[in-house]
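One chain, chain A, links the two complexes that follow: it is found with chain B in the first and with chain C in the second.
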Partner chain A sequence: MAEPVPFRGGGFQPRARRLVAVATLAVLVAGWSLASRAGWVSPIALPPPEEVATALVRLARSGELARHLAASLSRLVSGFALGAGAGVVVGLAIGLVSLARSAGMPVIAALFPIPKIALLPLFVVWFGIGEASKVATIAFGAFFPMAVATYGGVDGVDRTLIRMAQSFGLPTLSIVRKVVLPGALPAMLSGTRIAAAIAIILIVAAEMIGANEGIGAFILAAGNLMQTDQLVAGVVVLSVLGLTVSGLIGAAESVLLRWRR
Partner chain B sequence: MAIRSILAGVAALACLSGGALAQETVVAGALRFVSNGALFVAIEKGFFKEEGLEVELRFFQAAQPIAVAVVSGDIDVGMTAFTGGFYNLAGKGGLKVIAAQAREKKGYEGNAVLVSNAAFAKGFRKIEDFPGHSLGITQVGSSFHYQIGQLARIKGFDLKRVELKPLQSLPAMAAALKTNQVDALIIAPHIAKGLAAAGDAHLIGWYSDFDEYQFGALFTSPKMIEARRATLEKFVRAYQKGAGEFASAMLRLDGAGKRVFDPAAADPIAGMIAKYVYPSDPPAEGTRKVKGATFYVDAQARLDVGDIHGQVAWYKSQGMVDAAVDPKAFIDLGFVKGHTNVPR
Partner chain C sequence: MRLVAERIGHGYGALDVLSDISFSVADGEIVAVVGPSGCGKSTLLRILGGLERPRAGRALIEGTAPPGSLNPITFVFQDFALLPWRTVAGNVALVLEDRPLAAAERREMVAGALARMGLADFADAYPKQLSGGMRQRVGLARALVVRPAVLLMDEPLSALDAQTRELLMDDLTGLLAAERFAGVYVTHNLGEAVRLARRILVMSRRPGRVRSVVEIARPIAGRSAGDAELAAAAQAIWESLREEAVAADRELADG
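Let's look at the complex of A and B:
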């Protein structure tokens, strides 16, 4: 009699365990606090976490935090919406239309690697030192990863599904809506993650020029004044912003990709 | 046999390095600015060599990293303008001010106040017109920020009514003024004159017309003072000689109190400074530019100590310097005799 074959499926499904995530962060902060207290790290090099926490509380109480966050968030949202929106449109065009693909791919390949920070002085000339240059910096940063992720996603859609839809006689627009877009969605959502992270990174760069308000401007000013507790507090705010955005995208994923289960 | 010859070689090397030690090295950090002229003159004239010192210059692109490099011990001494960041770093115990750099002094050009063509056309003609206008600065807490704060105090307007625009760099400031994106700048003399001469802006006054102040300093770290005080004393002595040469050649006033350059005295000194500040320009052009950018420097590198106390108090009042910072703790009066205006 042959032995029954044991079930070998399962695995390859890493789950996020919230407790582990929180514990990891807690251990990191505790180690930092210990290193500061023991004098291994000079307060000039890195302020102890207690001072950073005090600075954060002071910022929040005085209403400064809300003011800076509001300024940065409005730039972030409008820059990201413009950049990522255009990225989706261009990415879809590249993924679906030969002419757009031939024209768009080399342009993206040529422009994507340019550090947007290097273009900042030009943005100032083109868009001035007001809001436009700041939104433009963030939009340019978010555009490229979104466009690349979108056409990559469209390219990766299972061709047999498209052929099947064609053999059922579906019109092109319907195929795009019912097969291509859902198929490309996972790639587009991970592109959104990268685009959002780049947008947050670029907040500091965007607020280098002529900004008095905003988390980036606050971090720069704290750095200029060597107020390291406030500088790290500002960085913590950016980090929390990153976590929040990542959480929002995660929530969107679980709703939009329900069909994959 | 082989071991013995190796030992002999090591001994010879030890003797050689012993000989080199007689010429002790001091690593100095600075910007390529005319305000550091005294240091460059002292090097060129060999004053450090006379004291048995070899000065190794490290040039930086911005002021703040110089102070940070002194704190971290990467360089032994540094020279920059005072900023809010400098005072915070000094207050944390990382820096000691030991001698003077440049100073804003009546009768001598220093930083200038420039107004954009558009703002000038609309009637921005004097310092009192600042309220309701924008001013480009490099960074929060920079010397330009301090200077507009003092102009506001002297002319009695509220600093909050001036919109400050941090633009990070001098070229960005000049570009923003030329394109009328900011209404005014307070900026170093050579840039101000260039912009005004090209018709890109209007020069409405010199900062030194309204106020005098200790612009910057020579500083080191407490560790350095503890470990190499004698070396620092030699360094400051040579530096003071450089300041003396600089002052006698570059800071002459005529009978009417106007600054004049005697080419026989000023040109060689300006030429020495030009080698460091404008290394890519032909010597004659560099010399001319240095003369146009000369700040006042005390002939004995004495500090206006009371003014430094005043600066720290102003930065504190603006919330830019921590309340715990005490100027007494970060100024070491022991290296230069006769500092002026020392608070009791």
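Let's look at the complex of A and C:
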């Protein structure tokens, strides 16, 4: 008597299906809408999605959205560029030079765990209440994950590739540019993701503490006036902002890391 | 130009790896280095190529490199050491980019080296897309393009399967016979050693010393895979190496 060998393999290979993703979001929004209309949730606690959408359209038409978004984005871009740029430079130095490594590692270990928003009051004392203190907070927040990711990436570069480059007489600068940097790039791009997420958190927090313009300030003001439709509209804008940033980094990855596929 | 190892000794911490190694590689001569695993063969090669400083002794270059040689002492690596983010042509071009060459001349040299290794159709492929054998052909093309005087080959065929190794061996013998490069060929495969080398240094286990030197006078071009004389030579080397290999096999890693 013959029996088939019982199948024991398979599974553990989850796949993301686009349709399910879209349907899930649609069901969530529909459930939210239903809950509001049926009166299960008070419209003051959570306005229905239609009202949030109307509020968003109104904000977009009046130019208020653009004004706040522009303020947040300019802080975000300048702070992130400063912090991440410095992080790459310092990370490279730590990854390549013994002196920088010995000096930099303990400093990073000591400063990385500080919630950077706690430093905003100090930065206000140093740089004043204006833009500089907020930009500095974001830069500081983006610096550490970028520096850590960069030196981690440099450490991870295959040493035989570096020895190969040396054995063909490549100058040090060329080795850094053509072997070390491309080798560290995947780690640096995942560092960029983390740094960008931290930068968005910090910009909102900083704007809630001390700003008249910006998405964070807008959300806080809406909350103080119990305008929950505007408040939720602001939160939706943040979600879209996060998605956009993550999409941009994803696009950069697929272009820059084409060789990995 | 001659490459000379002069009483080279080396170690890591308290561990002695190499002890008192002396030999020389004359123009156009291939010297194979065989020995049990862990006897410091690869370390010796890195010292000869200036990638590592020996604790004792030194590696010397006697005479001048042939004119036109861009990188007189050139490595071929066991794991190919190709940049995965560069195409085949890009990997070969890498080693010319910092040399004072006109762009057109550089392109011509790259194309020439690729053609020489049968890679002309693969110039735009990435290493990941290639078989192991093709990857090592890229490694050889990269070594050729800098017009070496001495090739330092660190188990160049060990990462390949048996059939591919046979094919690459034919390419390599053809290349070495035609170009008259000198070379040091480190391997644990005695068959490869007797196919390629004029002299074979048999090393003892750690700390590696030269145990014996076997000479094979016949020109490389006439040697083939199933040759009885070569098989006998390999067998003789194995007899002398067997005890060392057994002892090396039983050694504790942190010994």
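Observations on the model:
The rule we apply is simple: the second predicted complex is superposed on the first by the 237 of 261 C-alpha atoms of A that agree within 3 Å, B and C clash if a C-alpha of one lies under 4 Å from a C-alpha of the other, contacts with A are read in each partner's own complex, and residues count from 1 in each chain.
Everything that follows uses one rule, which is that a residue touches a chain if its C-beta (ideal position, glycine included) is under 8 Å from a C-beta of that chain, and two chains touch if they have at least 3 such contacts.
Please read all numbers here as calculations on a predicted model, not as lab measurements.
Residue contacts after overlaying the shared chain place A:129 against chain B, while chain C stays out of touching range. Legend: residue contacts after superposition of the two complexes on their common chain; A:169 is shown touching chain C, with no touch to chain B. Of the two partner chains, chain C is the only one touched by A:160; chain B is not. Once the two complexes are overlaid on the shared chain, A:43 sits against chain B while remaining clear of chain C. Applying the stated contact rule after C-alpha superposition, one finds that A:210 touches chain B and leaves chain C untouched. Using the contact criterion defined above for the overlaid structures, shared-chain residue A:255 touches neither chain B nor chain C, since it reaches no partner.
Of the two partner chains placed by superposition, A:5 touches none, neither chain B nor chain C.
Of the two partner chains, chain B is the only one touched by A:221; chain C is not.
Shared contact residues on chain A (touching chain B in one structure, chain C in the other): none found.
The part of chain B that touches chain A in the complex is made up of residues 64, 67, 71, 83-86, 88-89, 92, 94, 136, 139-142, 163-168, 171-172, 175-176, 179, 181-182, 320-322. Residue ranges on chain A touching chain B, taken from their complex, read 43-44, 121, 124-125, 128-129, 208-212, 217, 220-221, 223-227. For chain C in complex with chain A, the residues that touch the partner chain are 46, 49-51, 70-71, 73-75, 77, 79, 81, 83-86, 94-95, 97-98, 126, 128, 142, 146.
The touching residues of chain A, counted against chain C in their complex, run 158, 160-161, 163-171, 174, 178-179, 182-183, 259-260.
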